[in-house]
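Report on one structure; see the data block that follows.
Note that the chains take the letters A, B, C and D in the order they are written out, and that residue 1 is the start of every chain.
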Amino acid sequence: MNLGSALGYLMAQASNTASWWKPVQASPHAASVDNLFNFIMYLSFFFFVLIVGAMVYFIVKYRRKGNGPEKTSPIKGNHTLEIIWSVIPGILLVLIFAWGFKDWLAIAVVPANAMEVRVTGQKWNWTYTYPKEGIVSADLVVPVGQPIKLIMTSSDVLHSYYIPDYRIKRDVVPGKYTVLWFEPKEIAEHQVYCTEYCGTEHSNMLSKVKVLTSAKYEEWVANGGDEDGDSVPLADKGKKLYEQRGCNACHSIDGSRKVGPTWKGAYGAERKFADGSSGVADENYLRESILVPNAKVVATYPGVMPSYQGQLNDKQLEAIIEYMKTLK
Amino acid sequence: MSQQSSHAATAGHHPKYLAHHFESMDQQNSSGKLGMWLFLAQEVLFFSGLFMAYILARIFYPETFLAAHELLDWKLGALNTVFLLTSSLTMALAVRGAQVNSQKQMYWNIVATLVLGAAFLVVKYFEYSHKLHDGLLPGHFFDAAKAMHNGVPANIPGAPAIFFAIYFVMTGTHGLHVLIGMGLMLWLLVRIKRGDFNSENHVYLENVGLYWHIVDLIWIFLFPLLYLVR
Amino acid sequence: MFEKFKNKVLQSQAAEHGEAHVLPLKTYFAVFGSLLVLTVLTVLVSVIGLPAPASIIVAMVVAIIKATLVVLWFMHLKFDDRFYSLIFVISIFFLVLFFVFTSMDVLSRGQVNPEESFFSQDGTLLREEFTKKK
Amino acid sequence: MESNRNSQLQSAQAATSGGAEPSYLTAKRGIWSWLATVDHKRIGLMYLVGVLGFFAVGGILALLVRTQLLGPTTGFSAAKQEWLFSGDTYNKLFTLHGAVMVFLVIIPSIPASLGNFFLPLMLGAKDVAFPKLNLMSFYIYIFGGALLLFSIYDGAVDTGWTFYTPYSSSSSSSVVSAVLGVFILGFSSILTGINFIVTIHKMRAPGQTWIRLPLFVWAQYATSVIQVLATPVLAITLMLLAIERTIGVGIFDPKLGGDPVLFQHFFWFYSHPAVYIMILPAFGVISEIITVNSRKEIFGYKAIALSSVAIAVIGFLVWGHHMFTSGQSELASAVFSFLTFAVAVPTAIKVFSWVATMYGGSLRMNSAMWYAQAFLFLFTIGGLTGLFLGTLSVDIHLHDTYFVVAHFHYVMMGGTMTAFVGALHHWWPKMTGRMLNEFWGKVSCFFVFVGFNLTFFSQFLLGTKGMPRRYANYLPEFQNLHQLSTYGSYILGLGFFITLLYMIQSLINGKKAPANPWEAKSLEWETDSPPIEHNFHTQPIVTHGPYDFPEIDHSMSTRGGH
């Protein structure tokens, strides 16, 4: 049992921080999920050792020696044993269910004082809308210690919102809302993944949770969700948006052809449209193309771009167009 | 093993209709019938998906179903119900004809069943072409404006496109089953003419009958669900 | 009529296994007559127009009775191997299971977080927000 | 081979004289005698060739998938280098790998090939109840498989094998041809199921009572029940999906007012029971191999037989555990989680019983037995890790990560495929009349075992760490484990390649097999190896159970054991 307790100690140590096989525990949920995880794991170790141990022992002990027939036991079954190995696992299973159910309720029920953030999944990026603050952001920026309630929906296919460090996950479904909540314990950045398969760039549909101090968060809100403030040139902000908001999934900046037209030299270029008309890609055209992409689709390209209406504010639009101007 | 089968085995001769891998007609017939019942179980679960879709759409859009079913002609539905119920009767009588070894009863009852099945499809054809004309079509093809233009009150709340999609998919799948059943009956007629069936060997006839009854059974539920429900 | 019927059944069950159970023609026509009467009944109920839940319940009960008649007499389930009945009942059981569990999910959405519900308090579908966008 | 060239007249004469009757392989000759055969043994063999062929296809796809994940990671910077495949290509690869392995390999693997071959033999019958239907199922299988593979030519499907809406109803890839292929494959599965149930009910030899059936037959029976009852729901679901794509029914499509989560209910109502279609026959195989090679009665015959049926029934009640994070209601999640734990009990009973069967036996450790032990090891891990995923709170973290990938590979690959290969070793002599090389059998088992654990155990760790599944690339922190997994998969592939080599060798110049090389007691061993066309020279009459071995010492106390 010494080995077992030593192992248990190591596991307990390991579970408090990010180990090579477990994410950090960054929310109260995380600890409860990990505790049950560890319980099931030890239980599994026990049964695994029992079963495979017996198997190996029997192989060694009862292995046929020589070629002659050996007498074997006439046992056909043993009711006591069979009842024991049905009932004991049965009880343990009910226990695991009940424990999991209890923890899961805590994950499902959102506290009343939670701050609301709207999340929209779209091929292949996440958009966060702060309805009260009027902010649209590419990262989830939250104050520490404040329960956050995410009200999520998708504008195209199924996605799934997953923050391993908080041990929470929920599918983001078009046509309805799903709800998720967490309470950030410490000031840190956490990775967000999409875990419901959604196509070409599924593995790049990433985002971050940025946990700030209350003061920093207030500052961020006051700046309208712009972390950099006015110190950074508009074009650089545009470049950042290009990367964060998933423009890069379909538009190259080096002239190569992707799903959509390249941005290199796009500004001011002569455009032929799918309906046969043509025009110059000026600021108005670019603005329209971002907000109502299917109004004028460039010839030979599919009209598949989603609308960014309501997901980019004026300043951000301006920044993107300013950035496009720099790509000559 | 029943008495009969052991008798057949000891007698050493193989009855005319007995396949090589069976020991007795009893074994062969009951195998065929068991297989058919399993197939019917499969049919029930095949249709379960469609009925599930119906239930869900009704949970979501009860008002649509109340309004949209008015656009279906319950009189035609009732007529078709009578056609199918009667065809079930004639089918059952055909099987009885086989039991009492009456070639005539077998033949003419199958013919009657076939005709009633065809009548069902003709009525369905008129219903479909009417809907087509009025633009009362499933999903993307639903055209309320066209229907209104034709004087059909298609300004239905909720999702009429879903109602008509379900109507067409359910009755269409059912109609396909009717068509398959009719094909099987044509084959039965050929075999009856050939004199294949008698009181000892008619499990094929019986199985087609079972299939036909399950098709009838599904219509018994489709009729009130689609045409009558309030 | 039903007493006579029972006797017939007992006779046919006593018959040697593998023999067909020939029902009298009368039985077939009686079943067919009942089916027609029930069809008229279900149409009448609809035309009279019972209030919402009663209407569907009556319609389904009538349909189930009709289906039972067809299954028991036209399909000979009453006189055949009990195992066929078992198969049929099992298939109905799994059908009901599918209906019940899936409906249970749909009807109980949003019990913990109202945002996830399909329906508002008064039972209307909370979909406008999404359908309007399109 | 000399005698086979003789005329049919002579073979007919041989049949009357008894012993020298030609085997089913040589009784009739020519390609047409195979393509139009109604002999269950030939059909089983054709299925086997089909399954192994598709297994090779699926395996190569798997290695390509793993190789992609070896490569440099791409972050979320603008410059996304692709090391081997683009995201689209990768998505098509894993979709095809999943669809081929599930629908063309694992589902038909044991039931359609070995089940077809051995079910009538074990029952003492001349054939299955409906031989022509059996041939038809085979051609439906080939046609469905061809259609599924045709979708590659048509641009390949990229929806994942689960075909979740609305991605599948909006994806521009060749969903319809793939869906149609799977739809058709479903009917092959249904017809085989019907055929087997009727065969087991009606075709048993005199004296072959229900409690004298080999456990493989019981497992097949439970499997067939699921095939008949669940597969039609998949068919109608896929039909609805295809119609949804073309005319827009609106049940699954949120744009028309439907709910995409409903598709998951429809899909998993079939696909969870399908998991048991995949694993139950493996349970049957393991019961046979362990018992025959332990020279003992199986421990708890009735418990094992009935637990198969129990698993088949409870298996229908747990589909919602695939949907804990999908947005289904909390009530549904709780109910499904509870029922999921219920299905673990009969599974545990089986595992314990197999181990107990070895107690007090005289174990012959041949290569089939090696594979059976590998199965026990791997399936125990697969089963136990299912507990994590059935638990509501823990599943929230693990759902759709590599933990799930590892779990179902431990069950499907470590369980079913290991049992399948083990069963091939066990029954190869009967099917082909040749022995396999025991030494290389053990070598390949060793490679498969080591390679498998390297490949998939590392994926448990990846999943716990938060690595989502179906990612064409990943963050750098996951690279070590991914590389370990990929190297493991190469070893695994090597193991199966060795198996292929010595199987070919056995066909060419393997040692001739006696009628009953493992001294088993079930009926399939009472005829020649390979069996004659009509299975038995004389109608067998069963007087004892399937595991009534001569070594069993009935004088010994049943309580004390050794």
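Everything that follows uses one rule, which is that a residue touches a chain if its C-beta (ideal position, glycine included) is under 8 Å from a C-beta of that chain, and two chains touch if they have at least 3 such contacts.
Owing to the predicted nature of the structure, the values given are computational and were not obtained by experimental measurement.
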Least hop count linking chain A to chain B through chains in contact: 2
Per-chain CA centroid nearest to the all-protein CA mean: D
Farthest chain relative to chain B (centres taken as mean CA coordinates): A
Distance between the centres, which are taken as Cα means, of chain C and chain B, whole angstrom: 16
Averaged-CA centre spacing for the pair chain D and chain C, given as whole angstrom: 37
For chain A paired with chain D, centre-to-centre distance based on mean C-alpha positions, whole Å: 33
Set of chain D residues in contact with two or more other chains: 201, 229, 233, 254-255, 257-259, 261-262, 266, 327, 330
Residues of chain C engaged with two or more neighbouring chains: 83, 90-91, 94, 98, 102, 106-107, 112, 116, 118, 127, 130
Residues of chain B touching at least two other chains: 30, 34, 38, 41-42, 45, 48, 52, 56, 60-61, 158
Overall pattern in which the protein chains touch one another (line/ring/star/complete/other): other
Touch relationships between chains, expressed as pairs: A-C, A-D, B-C, B-D, C-D
Touch list for chain A against partner chain C, complex: 108-110, 151, 153, 155, 174-179
Residue ranges of chain C touching chain B (in the complex, touch as defined): 16-18, 20-23, 25, 28-29, 31-32, 35-36, 39, 42-43, 45-46, 49-50, 52, 55-56, 59-60, 62-63, 66-67, 70-71, 73-76, 80-81, 83-84, 87-88, 90-92, 94-95, 98-99, 102-103, 106-107, 118, 125
Chain C contact footprint on chain B (complex, rising order): 2-4, 25-26, 29-30, 33-34, 37-38, 40-42, 44-45, 48, 51-52, 55-56, 59-61, 74, 78, 81-82, 85-86, 88-89, 91-93, 95-96, 98-100, 158, 199, 209-210, 213-214, 216-217, 220-221, 223-225, 228-230
Touching residues (chain side chain B, partner chain D) in the complex: 1, 19-21, 27, 30-31, 34-35, 38-39, 41-43, 45-50, 52-53, 56-57, 60-61, 137-141, 158-159, 161-162, 165-166, 169, 173
Complex contacts: residues of chain D adjacent to chain A: 74, 76-78, 80, 86-88, 91, 158-160, 164, 166-167, 170-171, 254-255, 257-261, 294-303, 325-327, 330, 333-334, 337-338, 341-342, 344-345, 348-349, 351-353, 355-356, 358-365, 373, 376-377, 380-381, 384-385, 387-388, 390-397, 399-401, 461, 464-466, 468-475, 549-554, 556, 558, 561-562
